[in-house]
Amino acid sequence: MIIVLQTDLAEAQVLHVCQTLNELGLTSQVVLTSHHKLVVVLDDTSSYATHVFSRIDGVDKVMRVQSQCPLALTSNQLGLPFANGSIVGGGKGPVVIAGPCSVEGRLQLVELACQVKTAGAHLLRGGAFKPRTSPYDFRGLGLEALKYLKEASEITGLPVVSEVMSPQQIEISEPFIDMFQIGARNMYNYELLKEVGRTRKPILLKRALSATIAELLQSAEYILLEGNQQVVLCERGIRTFETHTRNTLDLSAVAALKTMTQLPVLVDPSHGTGRPELIRPMSRAAIACGADGLLIEVHNEPSKALSDGSQAITPDVLKEVVAEVNTIFQALNPVNSNLHFQPAGSIPEPAKV
Amino acid sequence: MIIVLQTDLAEAQVLHVCQTLNELGLTSQVVLTSHHKLVVVLDDTSSYATHVFSRIDGVDKVMRVQSQCPLALTSNQLGLPFANGSIVGGGKGPVVIAGPCSVEGRLQLVELACQVKTAGAHLLRGGAFKPRTSPYDFRGLGLEALKYLKEASEITGLPVVSEVMSPQQIEISEPFIDMFQIGARNMYNYELLKEVGRTRKPILLKRALSATIAELLQSAEYILLEGNQQVVLCERGIRTFETHTRNTLDLSAVAALKTMTQLPVLVDPSHGTGRPELIRPMSRAAIACGADGLLIEVHNEPSKALSDGSQAITPDVLKEVVAEVNTIFQALNPVNSNLHFQPAGSIPEPAKV
Amino acid sequence: MIIVLQTDLAEAQVLHVCQTLNELGLTSQVVLTSHHKLVVVLDDTSSYATHVFSRIDGVDKVMRVQSQCPLALTSNQLGLPFANGSIVGGGKGPVVIAGPCSVEGRLQLVELACQVKTAGAHLLRGGAFKPRTSPYDFRGLGLEALKYLKEASEITGLPVVSEVMSPQQIEISEPFIDMFQIGARNMYNYELLKEVGRTRKPILLKRALSATIAELLQSAEYILLEGNQQVVLCERGIRTFETHTRNTLDLSAVAALKTMTQLPVLVDPSHGTGRPELIRPMSRAAIACGADGLLIEVHNEPSKALSDGSQAITPDVLKEVVAEVNTIFQALNPVNSNLHFQPAGSIPEPAKV
Amino acid sequence: MIIVLQTDLAEAQVLHVCQTLNELGLTSQVVLTSHHKLVVVLDDTSSYATHVFSRIDGVDKVMRVQSQCPLALTSNQLGLPFANGSIVGGGKGPVVIAGPCSVEGRLQLVELACQVKTAGAHLLRGGAFKPRTSPYDFRGLGLEALKYLKEASEITGLPVVSEVMSPQQIEISEPFIDMFQIGARNMYNYELLKEVGRTRKPILLKRALSATIAELLQSAEYILLEGNQQVVLCERGIRTFETHTRNTLDLSAVAALKTMTQLPVLVDPSHGTGRPELIRPMSRAAIACGADGLLIEVHNEPSKALSDGSQAITPDVLKEVVAEVNTIFQALNPVNSNLHFQPAGSIPEPAKV
């Protein structure tokens, strides 16, 4: 922590600042430059709020040097393996998680699960509990949906990801699903983060639409601190002034995260753009800039989807997306590119997940 | 709902769009302009998602005409009275809710409650459960804090507002507090909104830092739909590119909300600016543009606050804020300005709240 | 400038950083904390770009301590007097600059100038050269408009403000107007800033819709550096995700600027909100938070205005705005509030401006 | 244009709205839905401002249907050929424009030009006139720089792109350069757009950091309207709340533009991210989502660059960028991928450009 003092501060007052730090158990060093008087705190201040320093008399401003998410920055997560052989992260190639926004019925889900499997997806997504901006919109089938997801998973061999929004939903969902999703609206819901941190299932943590990269990592830190190392980050668009797209997909955040942490990073081009015609190009871009995979909303008849139908693509388009992102990954990683891809196109025997 | 068709659409295809609408039970009318073919849906579409229309073959884009938060726009809430005679909203003059970010101890809280009472506050705020961006920060005293809040309320006569973040916290808090606060991080937490909507206590609903005005109203709609009419909106800054202030306090949203709804609107200049020196001018501006009151963080020794100390003001500054906003309100409302202000400066007998 | 070194840097490399600084003619001091190695540059680095330091081998990041706009922060401008006795800034009370977005004709302008004078305005604004987002929109009458402005000024005694967008327009406008306006679109047009800095007329500098407070001050610095001290800053809304208002009027920037600089600060609620029904409340808020005045678009028949008619108010509404902001200013400054207000309501003899 | 009337409007008032439209020479049709009264204007309203309609008595709001940049949307620009055989746009593969932010000297520029040529660049960029946020920064060598650019172009055969900021700079630059760049700060400088629109050289138009996609197209429209069809758009990052990156590179805008217009679209990852370590991944992503090329800042010794050194890459890194984006383009376009790439690696005979 570096403390910049007010420019006209007398020596006695400078000493008083150091003394105040001393009372907090902190040692410090004064540095005088041509224009400023600085006090550098020499001890670990990662657990101190900045106002402890900024509100001391005579302080002009305070600059933090230390990071506040040490676990997220040093996590040693080298790929997160699933029962069906898919690996999320670790440079193992693009993992595709696909499925409907909401589970709308048994037939719909099982049919779609088979189709996304055939199209090349590695995991199945589907909402059982839906947060919706308008209270008049469809809000999910709940437990019924979880049973269908489990059944679809057994038929296709695809592990299942589904969103949870409360401790109760975690408990209900746990027997049915393989990965908990924390949605963008709950990235700042720290109680919920701690709860999923106490489970031993992988967590897909989506960036809030107003969250900085640093805040996303701090939310991951909440989960990691509870002992759950299986955190996967997901960029899904931030809110900006641009209205042509639903959000602004921040792919430079993906590239930046890959230089900062070893946690896997996925991209959700469906929410990121809100426009079906942009899913293909932005999926390609995501993999090209280093994302470990994609989270894509797929529906058989988007116009009849009960939620988010405006951005869903069909299984046919998904097939093209998978082909294109594999092409890019292999072109950029000629040797090890197909290490983990199981042959798509055939539905395997039901597997115990 | 107005449907703009692709420009080159043949007549048969136009008819097909109308037929599709018909199958949805909707009547429509085709309008041909010099440059476009439009289909206007004549029935109520407030409960239809836009993609039901945008994904029909031949549709270029869709424009919604009807609002999605009818209750919030027509709510007839003319001032929300509290046991101590304070009235939030209804043009009854500035209500000031003040107190520490977090309840840190019995002595701290009771002393501060007395001081904010003396300074002229009408309700007491204090966090029992704290959401914190960094997991290493202080996260509240929980039940203990609630008991102190109740005690401080009995001593000062000030009703108590405190934030809840889960159904469980609602249940624990209910006997101790007079108003539930939904924090900015939970404005999109629809499960929680429904839960507080089922209680019969007033709700202070804070705008999320990335929420549009329309989304704030939709979140209010969730609460209103459950039958709880006592919703108070609160502007507390939105996230923009400006970094000098913690957030950008959007006072035009306040002025706009006052033209759209009768729900009371408060302003939180503490979170809105994150800078103590801006609390006074922005409090004045809030009341001048029509806000019904203020939510202000106060601390005796801001440098020693366990949370958000960088933005707290002292009780002395609060006194000046109260004086200034009353001056402005009275200057703008010469006749009825002191209808609801009880004399500040003396601590009344403990009241049963 | 504080240089944070990479954590694992050997002593020899630390020395190499200091040596590199030495070659740049800079002395420095190494400070070792429990977690970091810092190098503090002791000399004046206000004229050094940060990359000079950040790209040295072994450097992790760089934190600037010194400001880059010394003149703007220390300017001693205590109120800017105009020929008609109006004073902009210096705490002398709200100055109102009003007039049409564009000068549309002689009759229109003179009539409107008389009306805004009667309504209590202190200066007249009117666009001769109009920047327009759509190339199909009306773009101003040019020289003809300037002549009408001069005439209206002589009739009403109101000094005239008008926007210039090129060196050529500065030259053409100079004989006709009393204050140059640099529009939001040109705040980053440094060539133009230098040009107006070389004139000796007051400059109204509007904040760009994407500019931080620091950047606004840096643009002012360009003008001040050329020797022109008569700079007036103007907040006119920044671009955010909110679409209900045309921009987000950032009044906390006004309050913040008043703590940072003595340059006068005006507010333009017309562009700031883009909605006529918000002009009154936001004008009140602007003065309440410390703005030195207002810049307001007025039109006789807004629906027939050739530009920006959607946000103009009528002279009648302006009258109410003036009354309200004077009421607020006087209530907050009981003694000296009417120091500079000349009686409104009568049109004086033509004055030589 | 669709006009939504106030809900309680009497029939006579509805007729009055239609009559007002009639006086403007516009025919209209009333449509009554279950909740609203609409008036659809049947004639071409692309040249009408919305306030002409929104300020008519009884009007609630107005929705525009027609586009305001017809030329940009229908431009038929199929690749922009340069003297050295490079083609910008038309799906001809990634074009790389590279060079220093500022021209700093003859030796520096010629050496760098040779190096970017060898690394595979197709055009040379270099600033002669520099807009700088801080007035204390280096602002370019002017005419001297233009001469060096011309010389470097003759030696390497690379056509030259350089920024102009005033009509005077256009005139000075014209004999020396092959393409005018309009910088982000001048995207809204309509006078300048018209000036370059009157030249017959290609224009590189950069998106302002606060511009929507629609506004970028409207700025292009200004140039196209003057008869210059050779417009190339460039995404270079928008301003958002994220501070880790200098700006937020909006690649979905690139993908969106490719569905809206045939004008070529480039990406500037240097300004877009402001971080050298992100140039490679974001260059790959840009080409993967459909960009026609890249604009990259290159410097021999970034720590000694006189401007923007914090984001420049070295010629060695540029080589890798070129290789990677070609790999991606060829993988995605197996047949025609090397149509226009001339062999890199050897410096050709000086060519008359």
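A, B, C and D label the chains in the order they appear, each numbered from 1.
Everything that follows uses one rule, which is that a residue touches a chain if its C-beta (ideal position, glycine included) is under 8 Å from a C-beta of that chain, and two chains touch if they have at least 3 such contacts.
Being a predicted model, the structure only gives us computed values, none of them experimental.
The minimum number of touch steps separating subunit B from subunit C is 1.
Common neighbours of subunit A and subunit B, by the contact definition above: C, D.
Distance from the centre of subunit A peaks at C, each centre being the average of the chain's Cα atoms. If each chain is reduced to the centroid of its CA atoms, subunit A and subunit C end up 40 Å from each other. Centroids built from CA atoms put subunit D at 28 Å from subunit C. Subunit A and subunit D have centres, each the mean of its CA atoms, that are 31 Å apart.
Residue positions of subunit A with contacts to 2 or more other chains are 46, 210, 239-241, 243. Of all residues in subunit B, those touching subunit C in their complex are 210, 212-214, 238, 240-245, 248-256, 258-259, 272-273, 275, 277-278, 281-282, 284-290, 324, 327-328, 330-332.
In the complex of the two chains, the subunit C residues touching subunit A come out as 2, 4, 29, 31-36, 38, 40-44, 46, 63, 65-66, 239-241, 243. Listed in rising order, the residues of subunit B touching subunit A in the complex are 46-47, 49-52, 54-56, 68-69, 129, 131-137, 139, 165-168, 185-186, 188-191, 208-210, 215, 218, 221-222, 225, 239, 302-311.
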